[in-house]
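Note that the chains take the letters A, B, C and D in the order they are written out, and that residue 1 is the start of every chain.
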């Protein structure tokens, strides 16, 4: 059985730990955080979990096989590098790293060390996102024209990163997963209304080589929680509303057909409007699936679905969006940053 | 009593005519269209309305006091200029003109001829838009941070103008009315998926000198009709959903307060979440109000609320958005086009 | 071409007239009402329509082939009898008559005179109701267990009949049409809160011989308009929400399966939850379809879908519900009133 | 500190235990269940909780001060009686008992033993229900005309009690709490579609001496979860939708005013339609509040808000509804059962 350590027991780390605990697939489980109060809470909840305040103890422990990093993004690179160098499999929470350079270095290091490197893009393990992937791959939507996504609510303002780095990783991860491509050009407009220097609202535009475009809105300042993505294809259209309890995904048999002009006449557009279908979705906790996948990869040396390259493309897009926003909305070539 | 002519009986003109007819405030009512079939329909519906196929008959008729132009935008300028030169009051449907130059010339001409020049920004006469104006002016929302608006549905594709010129006039008119300012910088990304050369989806960003920003999405390719505007202020937030039958406007007593650091501590953000209020709205047809206002202005020589300058600022923004979209999303200074 | 008269130009009559007018299938069209002001409105709107204040002129006019009665229910019987006796085809608005005796007499009279007798249960011509009928007949829902329907909103209080006679005809007509049976037992509880003696809220229970039960709520005192019917079947479940613009009908692939006990074990229930489908509906005005059907029947001597027997079963149920309500909610046998 | 035992660790008992555990106000905590597997789960989750399989150990333990009974309703009476006779304070889950006789006996016994007897009508501790009570008591709604409530979803079919005993306790408890009265007459219609002899859908009518009436629909066979209560008053109307995340309670400033006839004219009804307000609600777990209240009562000898009489009135109504349903919907006098 694998011995596994979770570093960072702030907001998300406890969820990783809970799932690992409940899977009953690990030998030793170690929780590591600088804050003893957090570790105390862990111990009272999970008496069998070991707790360290010093991450170097994790790296030095030859019996720990895998490390999950759930700390603020600025420390991802340093902790992951040490873990990989100590020969451990590594799982890093989204966003992967603070820069593409860091991401590339970790990918390279993991390859050299022959260790698993996985990024926690949980949405790619969730029932609605997987169902949409399946629908797109089956060709039901036809060619994807454009995607519009909103991820807004009131708070929680981060103090170290902009709303782009906080919320956009989710949408970027889903979009690139569905489209199977990353954007070539990005622009973003945003503002820092509440905390100076830390934008809390941003409108991001993405262009893909396939011709698809996307608009992603992220905000910590919004009257109600929106988690709504619209995918418009040439054949059908789809709405994914993650705040819905039941009909999270709806497929609209709608479209417009272009008919070439006959003889000298004008071309003609005809609008189609058919059934609306909300497919049944599996119900499981995506994070559970993600943890299982990580353990599977560690045990069998498989490449994770959300590997370093998957994490890298999100980081590249985040970097470009943030830079565009800082520069007043200029359109940036993702490759030429 | 005023004698009034409506030129253009396509999609919107019949609504103008119906309201003028039902107001019982006009003497002669004239309908003018190139298509005799449209006039035939008018006659069978309103036996007392005169019908002309030739607009020059309208201009030449000295007893016609006022002309309403509801033709495609490319003909607005020519028809309005002739009407003004013939000494008639003029009402032009939105968007006002095809260019700022045309708009300025009409404004100038109307001033020289001392005639009323009004633009049909109907939303500025509608109960929810006026209620929101009142709420903002009362200071209930505090400082306006940002606005996000969506105006999307399936069709109807125009064949002469992009979706920006078709749908964005509504949002631009509302935004500039509420904020009492026009944008200084605009960018837009769009694509022409169905008809080559005529974009059918666009994401538009607006920046105002006050610091407010806005995102406006317009599309003829969308699974369901959205008419949703969110206004986020420093004190409260507001959602205006024009597809709702009852609660079109909702005010959320929500916000985030920034508290300066005491002693050496960190600053602190606290989130407020109070009542949600949906104010009662008057119920009348906005177009009725608009027509009454036009007749009032003609009769009393008043300046219309939606005068040429009001129409001009929308045209300037449309021009900038269209140009940015055609140039790949570059951020444009509205003043320096 | 048929010459047709509409008697009663109050709330609903003008809709009959408008549809007859726009169908262009009638020769003479006559409007008849005691109130000259109503007839004046008709003339200004439809210059070719003749207007009578005296219904006896309609009956005496040998060239009028068909009569539509859209007056208050208390006068339905008298007017329809005169019309039938004068040899005219008759269409009567819902509810058919004030009592089952009156209904039977009209059915008998129409048979003897060999004239069409049709009742205006418009819902039976509407796209969602017909789609539901089709779904049920195809067996998609399995055996129908129960139906729950709400038809409530604020106003409009009638001054001559209870809310049961005003609103329940719609639901009763739909239910009996879908189930193809009428109820055997009925009870109702109601109260007269605003106008003494005229109940404005009622809860009605219906039992059918097939085993199906139904609850119908009708009220003129409700915070928001509800037009919601839930049909629960052994295989699937269906919701019909007539206030929805798009997804009026939704079919839920949901159910519970009963498995007999194996060996000594307990029986087991398993819950199914699959896709949700909202079928495309035709879009036309039901009343247009209904008027076409009436004219077809008059021209071809066909029996209307909503004939006198169809109207009678609704009247029987209304009588029973009203009587139960007046008697404190006692359960009544519909056959033994 | 109080030593407390929870008997019954099935569906709901673990929630009681969790709250007691997290309140840190109890000395010893004991969990008691016949099923050792359930106790094993308790131990692994809460290492400090003692576990008994035999309830008599609880009663025999002189250091246990209070007992919470969360077993099937048929065993409530027996367990509670033993606990009271052993001198312990008793909390019983809803519904209180299987019959009014049992309820009266427990009330009497608790009084004689001077022990706290509390019934777990959790809704009476929940923010929306308390807010509605406050609104009603302030007179905002005016006189309460009628209440309509739906509590339906797919499953979970109980095997020992009808849907009335399973779901209606919630609505009855809320209604009687808000109205501060219990019904005088009850009727109910229901059917047993899935399990023979165990009705899974019921429509219940309640009449109160004040003139208020209510309709409560409960079902285990429904396409979607509804938890919707409408309260119509003479001044305002209110909707409580417990499936809403944000606007659970909405107050509609709507009503109809009756004006007496002036001179010889007819009386006149005028409809009011004003703002819609969704008041901010506290956010806490109702069960936490309930457990705190029980501990407070035990410690200070206070009478619980939801005491035995509170539980009794719900039992009386359940008995009447069940009996009416079994007898075909006959209207029953609650006092004369």
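Note that in this section a residue touches a chain if its C-beta (ideal position, glycine included) is under 8 Å from a C-beta of that chain, and two chains touch if they have at least 3 such contacts.
It should be emphasised that the depicted structure is a prediction, and the values quoted were computed from it without experimental measurement.
S.K.: Between A-D and A-B, which chain pair is linked by the larger number of C-beta contacts?
M.R.: Most contacts of the two pairs: A-B.
S.K.: Quick check for the class: compute each chain's Cα centroid; which one is farthest from the centroid of chain B?
M.R.: Most distant chain from chain B: D.
S.K.: At what distance in angstrom does the C-alpha mean of chain D lie from that of chain B?
M.R.: Spacing between the chain centres: roughly 53 Å.
S.K.: Could you tell me the distance, in whole angstrom, between the mean C-alpha positions of chain A and chain D?
M.R.: Here chain A and chain D have centroids separated by 43 Å.
S.K.: Could you work out how far the Cα centre of chain A sits from that of chain B, in whole Å?
M.R.: Here the centre of chain B sits 39 Å away from the centre of chain A.
S.K.: Where does chain A touch two or more other chains at once, residue-wise?
M.R.: Each of 224, 246, 273 in chain A touches at least two other chains.
S.K.: Give the list of chain C residues in touch with chain D in this complex.
M.R.: Chain C reaches chain D through residues 145-146, 148, 154-155, 157, 159, 185, 187, 189-191, 193-195, 201, 203, 205, 207, 211, 213, 215, 217, 219-224, 230, 232, 234, 237-239, 250, 252, 254-256, 258, 266-267, 269, 271, 273, 328-331.
S.K.: Enumerate the contact residues on chain D facing chain A in the complex.
M.R.: Residue list for chain D touching chain A: 47, 224-225, 243, 245-246.
S.K.: Where on chain C does chain A make contact in their complex?
M.R.: Within the complex, chain C contacts chain A at residues 246-247, 253, 273-280.
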